[in-house]
């Protein structure tokens, strides 16, 4: 029994599959929630890192670059354990789900900070020179010239990371988050049938990532390539 | 007259709705040096690309050495050629590209020996001997072990010519061989081609914008316009006394630009 | 207990991580080329097989793949009467290699397609066969283009090996979890472990850069 639901192990594989589907779908919902929360955390921290890495002062820039590299080169699983076991030692006690989303967010912030930077740097330097020639203040140049042109390059790349985050959510099962894979594992542990639930999770993941990639592609097509129009 | 080595019989070629070649009849005799001139988009490069089997024909038949190029005889009927047939036919043709298209990861020598070894089955020694001869011909013996990006454009194109010759083709196709070169490098490439033109049994078909050179080496000049041969004749006829108004306009435009 | 006493068990774990990374990267590289080239094959069956492999392994989660191979595959084997019980090392290497290979295949395919059309035309004019064009013209030019992405994938693979600890493989992450459980000294243990992964990733990046310089030698040649 899980989530107050019962599985049916006495009427064949199909009945078993049907009986556990609702449980897997509850797990899938947790997967989606964790992905979305992790994604937003990553967007915010990533932006912070990107800004720091673009700082003029070396004393700001270099630590930010080191932190990005460090996060990128160490496993999500270990980062998650670190947060889960070390934060409470310093009096920060978060529920497992939030710790997990935070770990996802931190891991992907490193990738996203690179996306922001690449998007901004891809804006033709001539555009900035033109803005300078027109005496536009620096801030307005950034918000009205650079940003609208960077967004169409940045958004699809961020979207692809959303899909990657989804595929990393099962790691959160190690800190007891009941996402889809954990649900399947528990069902397997109890019924001794891993084949059906784990295969179903594989299938559900295929559907989930297909839909998510489809949305990303749709957004990519919809975004005006020349930049967001300002009227 | 003996069978021409190249014959286009009512050839059409279209890319989508655009007709590049329209009902083209065109012949080249063995050993003949023919230059094709004309405005861009007139289909002149397409003639070479069809012969090198880089583009197929939409309709009509192309013959090389008396045999259909893009078709095979099945009884009395002509059916689209198999890859094996195309491979056999290609051995008669060599091509020099506008942008050289050397293999950048192979040394000059390797560019010249690769195809003779793997396609013609020459031994390493025989392929090397052949390559050495050709490098001497194009004056690049001392550059044999360099990579293409270590050479100037003119040198690269001379390697391109040597590479095509290494396959001992009967027909050499030159697709604007000097168009991608800086003006001061054009001469060395033209000298090599001029030298080749003196060999009587090699058939040459060249697309070029070098009008003076075309006049000098060609047996015949064809003026292409809108997918057709508008006018053809000896260099003196075409350059000295063009009959068609379009030819006159074209020649006036290019000589003014010179 | 001082932190130096953790180093013994952690080094043992790190050595397992290195081996896991090495073998799964080899397997992944092989699969990358097989499926990347296969996806462009003129033979429809080969093309479909490659696409299916790539889509399934890119479309699902690595941990799901790992658990499936370790927990579900034996049950499928029992059902058809074959012993498919994999030792943890085999399941780990297989899952990691299959997963990274699917991502690598897209890199290989992309790089082959990025070789300029003119190179393929030159190969045709020289009368090369499909196979010869692929091996001697396209791949030598495509491989240097693949290297930066391969480098990222290798580091990704190193990080992914940590998941193998979840099927009780004694790698670095596994040893860390054991030590934490025993000594309850999470801050020290995990800090050391993170630094060790970071160090290994840096070494791996350097190795990949050396390899990159090696396969792209002809590109460096200048007048």
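We just call them A, B and C in the order they show up, numbering each chain from 1.
Please note the rule applied: a contact is a pair of C-beta atoms (placed from the backbone, for glycine too) under 8 Å apart; a residue touches a chain by one contact, two chains touch by 3 or more.
For each chain, UniProt lists the protein as follows: A = Amino acid ABC transporter membrane protein 2, PAAT family; B = Amino acid ABC transporter ATP-binding protein, PAAT family; C = Amino-acid ABC transporter permease protein y4tF.
Note that the structure is a prediction, hence the values are computed from the model and not measured.
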Labels of chains that are neighbours to chain A and to chain C: none
Relative to chain B, which chain's C-alpha centre is the most remote? A
Can you name the chain whose C-alpha mean lies closest to the mean of all the C-alpha atoms? C
Chain-centre distance (mean CA atoms) for chain A and chain C, in whole Å, is 21
What's the distance between the Cα centroids of chain B and chain C, rounded to whole Å? 46
Chain-centre distance (mean CA atoms) for chain A and chain B, in whole Å, is 56
Residue positions on chain B within touch of chain C in the complex are 52-54, 87, 90-91, 93-95, 97, 99, 101-106, 114-115, 118-119, 146-147, 149-151, 163-164, 167
So in the complex, the part of chain C that touches chain A is made up of which residues? 55-56, 58-65, 67-68, 71-72, 75-76, 79, 155, 159-163, 165-166, 173, 176-177, 180, 186-187, 190-191, 193-194, 197-198, 201-202
Spell out the residues on chain A that touch chain C in their complex, using ranges where they run on. 70, 72-79, 81-82, 85-86, 89, 166-171, 173-174, 181, 184-185, 188, 193-195, 198-199, 201-202, 205-206, 209-210
If we count contacts the way the header does, which residues on chain C are in touch with chain B in the complex? 118-119, 121-122, 124-129, 132, 136-137, 140-141, 218-219, 221-223
